[in-house]
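Structures incoming, each one as structure tokens.
Next, two complexes with chain A in common: one pairs it with chain B, the other with chain C.
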Partner chain A sequence: MENTLREKAKELLSSGEVGVVIGYGWNRKKTRTTPVFITTPEETDKLIFNELCVNNLSVYLTRKYRDIKKLGRPAIVAKGCDIKNIAVLISEGQLKREDLHIIGMTCEGVVYKQELWQGSLKPEIMPVKCHNCDVRNPHITDTVIGEKSDFVPPEEPTGMVFDKIKAIDAMEPSEKWAFWMEQFKRCVKCYACRQFCSLCYCEKCIAEKNTPQWIETSAHERGNLSWNLIRAQHLAGRCTFCGECERACPVNIPLNLINQKLVLTVKDSFGYRSGYDPEEHPPMIVFDPEDKEDFIK
Partner chain B sequence: MPRIGVFVCQCGNNIESTVDTQKVADELKEMPGVAYTCSYKFMCSSPGQEMFKNAIKDNDLDGVIVSACSPHMHEKTFRKASEAAGLNPYKCEVANIREQCSWVHHDETKKVGTVKSLDLTRMMLERLKRNKPLKATSIPVTKKALVIGGGISGIQAALDIADGGVEVVLVEREPSIGGNMARLSETFPTMDCSQCILTPKMVEADLHENIKILTYAEVEKVDGYIGNFTITINKKAKYVDESTCTGCGECWEKCPFKADSEFELGLNKRKVIYTPFPQSVPNIPVIDAPKCPKIQKDKCGLCAKVCGPGSIDFTQKDEIVTEHVGAIIVATGFELMPNEHFGEYGYGKIKDVVSGLQFERLASSSGPTGGKIERPSDGKTPESIVFIQCAGSRDEAKGVSYCSKICCMYTAKHTMLYKHKVHEGKSYVFYMDIRAGGKRYEEFVRKAIEDDGAMYLRGRVSRVYEKNGKIMVQGVDTLSNGQQVEIEADMVVLATALISRKGADSFAQKLGIGYDKDKFYSEYHPKLKPVETVTAGIYLSGTCVGPMDIPESVSMGSAAASKALGLFSSDKMAREPITADVNKTTCNACWDCVTACPYTAIAKTEVKDREGNIVQMLAEVNVGLCQGCGVCVAACRSKSIDLAGYTDEQVYAAINAF
Partner chain C sequence: MNKTEEKTKEDIVEVDKAFEPKIMAYVCNWCTYAGADLAGTGRMEYRPNVRIIKLTCTGRIDPLFILKAFENGADGVLVSGCHPGDCHYTTGNYHARRRWIAFKELMEFTGIDMRRVHFSWISASEAIKWVDLVNNVTEEIEKLGPFMEYKELKR
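Here is the complex of A and B:
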């Protein structure tokens, strides 16, 4: 699989079809994977793909990374789940499909956090998204690498996140409030969740706006609440549940609970799942005369 | 430091009874930036306004707050007065301490009302400190109108605009203008012949130097905004050269092929080269291409041989024409509910069950029977006719919850026409209620019942079936203890529901106007702006809005025309400067605003470098289209859009002042 990947990357770079291949490589001690940006055919041997390749590299396609854009037309090594984010980026005009070569990797799941790796991929160390994955055979690609996966996701999504959501749904509003205030209390507003998210691509984030200042910047509970609520609202209908924000959070705020709840709500209300159709704009923000709510007409 | 004046209105006792206006004025005086305050009996009165203007000048004020009634009432008044006193009108704000304060608090100690008035005024003060002087924008107006639909309503609108000295393009889908009114026999309640009153109007429109009629044409695309629309029209191929055809009729006389006539609603045949009816305007035939053997198989071509001026051109193609107009009047009309909806009434199976409009053709002297009432099946004169009202209307099961409004009247008219033409004939009318609201309408129905002997039965028909060459109508007469009745009839006429035109919804989307659940077009305000739409510059007329009769359709045509003429009365049109503005340095070009805008006022624009390479994409607001609703402001994640006069900064400052 890796050899095919390297060959393909070599071919793309030598032919000049792309200027950079965004993919995974080893760190120096070969204990963890890290993003690599390959610009010459000679370097392609650095590319790898395995169960540790959890990072969603689509963030490097956004306007946040202008310097990578300068390297030329990109090819990206992407799992199905990463491709979902690419689809949203295309639907929101951040990318043109033809300006990108997607090397889709078939995938049998990755490890939730690289620290958990002990030589084999057990279900316990896989994130919830992998257990319910319907894109193990990547859905939007220019090249597919790897053997076809026969995995069929369970009809009812399973995993801790879904159980927790049910538990929170059953709570009284006051209990919900207390639960989330307790979680957000830990937030230090490092904005790691934002930096890792490929859909948080604004060059100037609302958190940085000061006339007026929408979000208090100190690590006060009020500002913490504003930030986390606004972040959630800005991802409603767009988030693909890739899980990078929660993985990045240094204080373990269960952001996946919020994100997955939003995914479920949008699916219920709009019949829309983000990341599947690069032609369709996320529905929360579309004026539609056919809208089922009357007030909009 | 700003110099702001605060004028607290007592509104007689309306505000003063629960608000201590003097205290509000006194406390505001102590606020930073406030240079002048007062409490006054009636700010909106002439002396009040004089005082207001003088205070601005005398105290050198650079902003004013009037704490009074809702801005809906007098914002305009005070902004005008501010302007007269030399202030930018957008530096004048109204704090609502009447509808939102004094009227809802009944505390006679004035405690609550005073505190709340203080809060409301203080919020407005912080907001006003951040107001920027705004200037009304003006956009040029193209003095030309487009009328879509050549029925009576559209014709009236076109004539009125043209008489006002403005050019009009009248687009009609069919080969002739005239619409549904051309099909009618006589019209209620005066019983004058429909064609006799309609055709002079059609001819007048045709001959009017300011009116250009495009028949057999459809509007494909509408771009632009009020004053500056660009319309793309598809002129379907007529296969006849309009400039040379004299309308002599030789071609349709000689054409050997026939097809069902759309105009006669299938009651008669027409030729394959045809005009819909003898008084067609323009009197130029079209060829029904799918049925013409010359066009399909290159056989025949007789019409071309007999045509004196040589006007027939089998090679003609559809033609796309573009028109630039300043206003659009939508008068696309109605349709009848399709016949196949009435299985229980035998429609489609029994030949002598017809719709109201088909009966109009049978009663019309220009119709297929020359005005004699004859059964479509065998041409016999019917001895009795059953009329079934509310066929589809007021029937949720058929998807029409509303009343079609005109059926009660035309059914009464049908019974009269029948009686006048067949003296021995007996008519029965099944009805739910008789709705005859209108000038001379009730008298008209009474006349049908009392003078012309129509038998009215209050109840629904359950079944219509054939037996021994007669049509049996089973129903219930609720006014005689719910007795079952069965009537032997020779003919049944259904007053089928008026519905919106097929494709009305997608056409509304093309225009960017709203429509309701029945796909009738929505007025801006059902009472006070009945011909306007949410899109400025597009007006409504006639039955595309809902069921209505001829007088209403005509009045609406004139009303829409007067709106258009008002717009055309000056070369430029002033627009409120309350429009959205994109911050180009922070826009991420995610197009959320583009998809969110209900007015399609935001465009994707390219920023190019000197070599013409696209370096950036940006959202850009078209101030001509922008209505200042603020949806895009809320939608923008990076807060790159602000609404002039309602900036985030202003709103935030007001909230923080609370």
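Here is the complex of A and C:
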């Protein structure tokens, strides 16, 4: 698999079809994978792909990384879940499909956090998204590498995140409030969730707008609440549940819960699943006169 | 100072102590604001607890406004605009409705009591609906008491 990947990268770079291959490589101690940016055919041996490749590299295609754009037309090594984010970027006009070469990797799951890796991939160390994955054979690609996966996701999404959402839904408002305040209290406003997110590509984030100060910048409970709520709202109908924000969070705020809750809401209310069709408009910029609600009197 | 005067003074202090909810209303210029205006010109009486902010359209109402109202001490929030299909800008309220559907779920999920946030469609001729809504919402929030959860957040 890795050899085919390297061959393909070499071919793309030497033919001049792409200027840079964005992929995964080893860190120095070979304990973790790290993003690599390959610009010459000689360097392609650095490229790897294995179960540790959990990062969502689509973030490097956004306008947050102008210096990478300068390297030329990119090719990206992407798993199915990363391609979902690319599809959203295309549907939002951030990218053109033809300006990008997607090397889709078939995937049998990755580890939730790289430090959990102990030599083999067990279901316990896989994130919830992998257990419910319907894109193990990547859906939008120029090249597919790897053996075809015959995994069929369960009919009803299962896993810790979905169980916890059900448990929270059943709580009283005061219990929910207490639960979330306990979580948000820890937030230190490092904005790692935003930096890791390939869909948080605004050049000026609402958190940086200060006339008036919309979101209080200090890491106190009140400011943390509005930051986390508004970030979730800004991802409504866009978030593909890649889980990078939660993985990046240094204080382990369960952001997957809040994002998946909105993914479910958007699916139930507007029948939309983000990341599958780059031609379709994101649900929050269109509307249906028949949208159903029961709370507006 | 005679006795009757003293009594009235005490009464005033007691009235001051009673909880008067602060309710923030975000309304659209073309329908609900005109409806509230009609209630005024029609000399209809309603609870004075509502503070109205007029916006051009419900589509202008950012979910942050609701949070901002709570941050600044509101006990309840009212959001109102034109009925679907009546928007002055044709589609503003349809877009707003989508946003509210998502944001309402989000607020419920984090434990903000949805009896404190009310959404409504009120046209320029529905002064009576406006009066009823304000009265009902004020009464409901009076029963709930001040929004202490939000006010007690560390800042």
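To be clear about the criterion, the second predicted complex is superposed on the first by the 286 of 297 C-alpha atoms of A that agree within 3 Å, B and C clash if a C-alpha of one lies under 4 Å from a C-alpha of the other, contacts with A are read in each partner's own complex, and residues count from 1 in each chain.
Please note the rule applied: a residue touches a chain if its C-beta (ideal position, glycine included) is under 8 Å from a C-beta of that chain, and two chains touch if they have at least 3 such contacts.
Note that this is a predicted model, so its numbers are computed, not measured.
Look at A:Met181: by the touch rule set out above, it reaches chain C but stays clear of chain B. Of the two partner chains placed around the shared chain by superposition, chain B and chain C are both touched by A:Ile206.
Contact with chain C, but none with chain B, is seen for A:Leu229 once the two complexes are overlaid on the shared chain. After overlaying the two complexes on the shared chain, residue contacts for A:Gln94 are found with chain B alone; chain C is out of touch.
Counted by residues of chain A touched, the larger count belongs to C, out of chain B and chain C.
When the shared chain is aligned, chain B and chain C each come close enough to touch A:Pro289.
Contacts of A:Cys53 after superposition: neither chain B nor chain C is touched.
Look at A:Gly237: by the touch rule set out above, it reaches chain C but stays clear of chain B.
Contact with chain C, but none with chain B, is seen for A:Phe270 once the two complexes are overlaid on the shared chain. Once chain A of one complex is fitted onto chain A of the other, the partner contacts of A:Glu216 are limited to chain C, with no touch recorded for chain B. Comparing which residues of chain A touch chain B with which touch chain C, the overlap comprises 206, 214, 285, 287, 289, 296-297. Those residues of chain B that touch chain A in the complex are listed here as 505, 508-509, 514-516, 522, 585-586, 588-592, 595-598, 604, 617, 631, 635, 637-640, 648-649, 652-653. Against chain C, the residues of chain A that register as touching in their complex are 168-169, 171, 173-181, 206, 214-216, 218, 220-223, 225-226, 229-230, 232-233, 236-237, 258, 261-262, 265-266, 269-270, 283-285, 287-289, 291, 293, 295-297.
The touching residues of chain C, counted against chain A in their complex, run 63-64, 67-68, 71, 84-85, 91, 94-95, 97-114, 118-121, 133, 149-150, 153-155. On the side of chain A, the complex with chain B involves touching residues 63, 92-94, 201-206, 209, 211-212, 214, 234, 281, 285-287, 289, 296-297.
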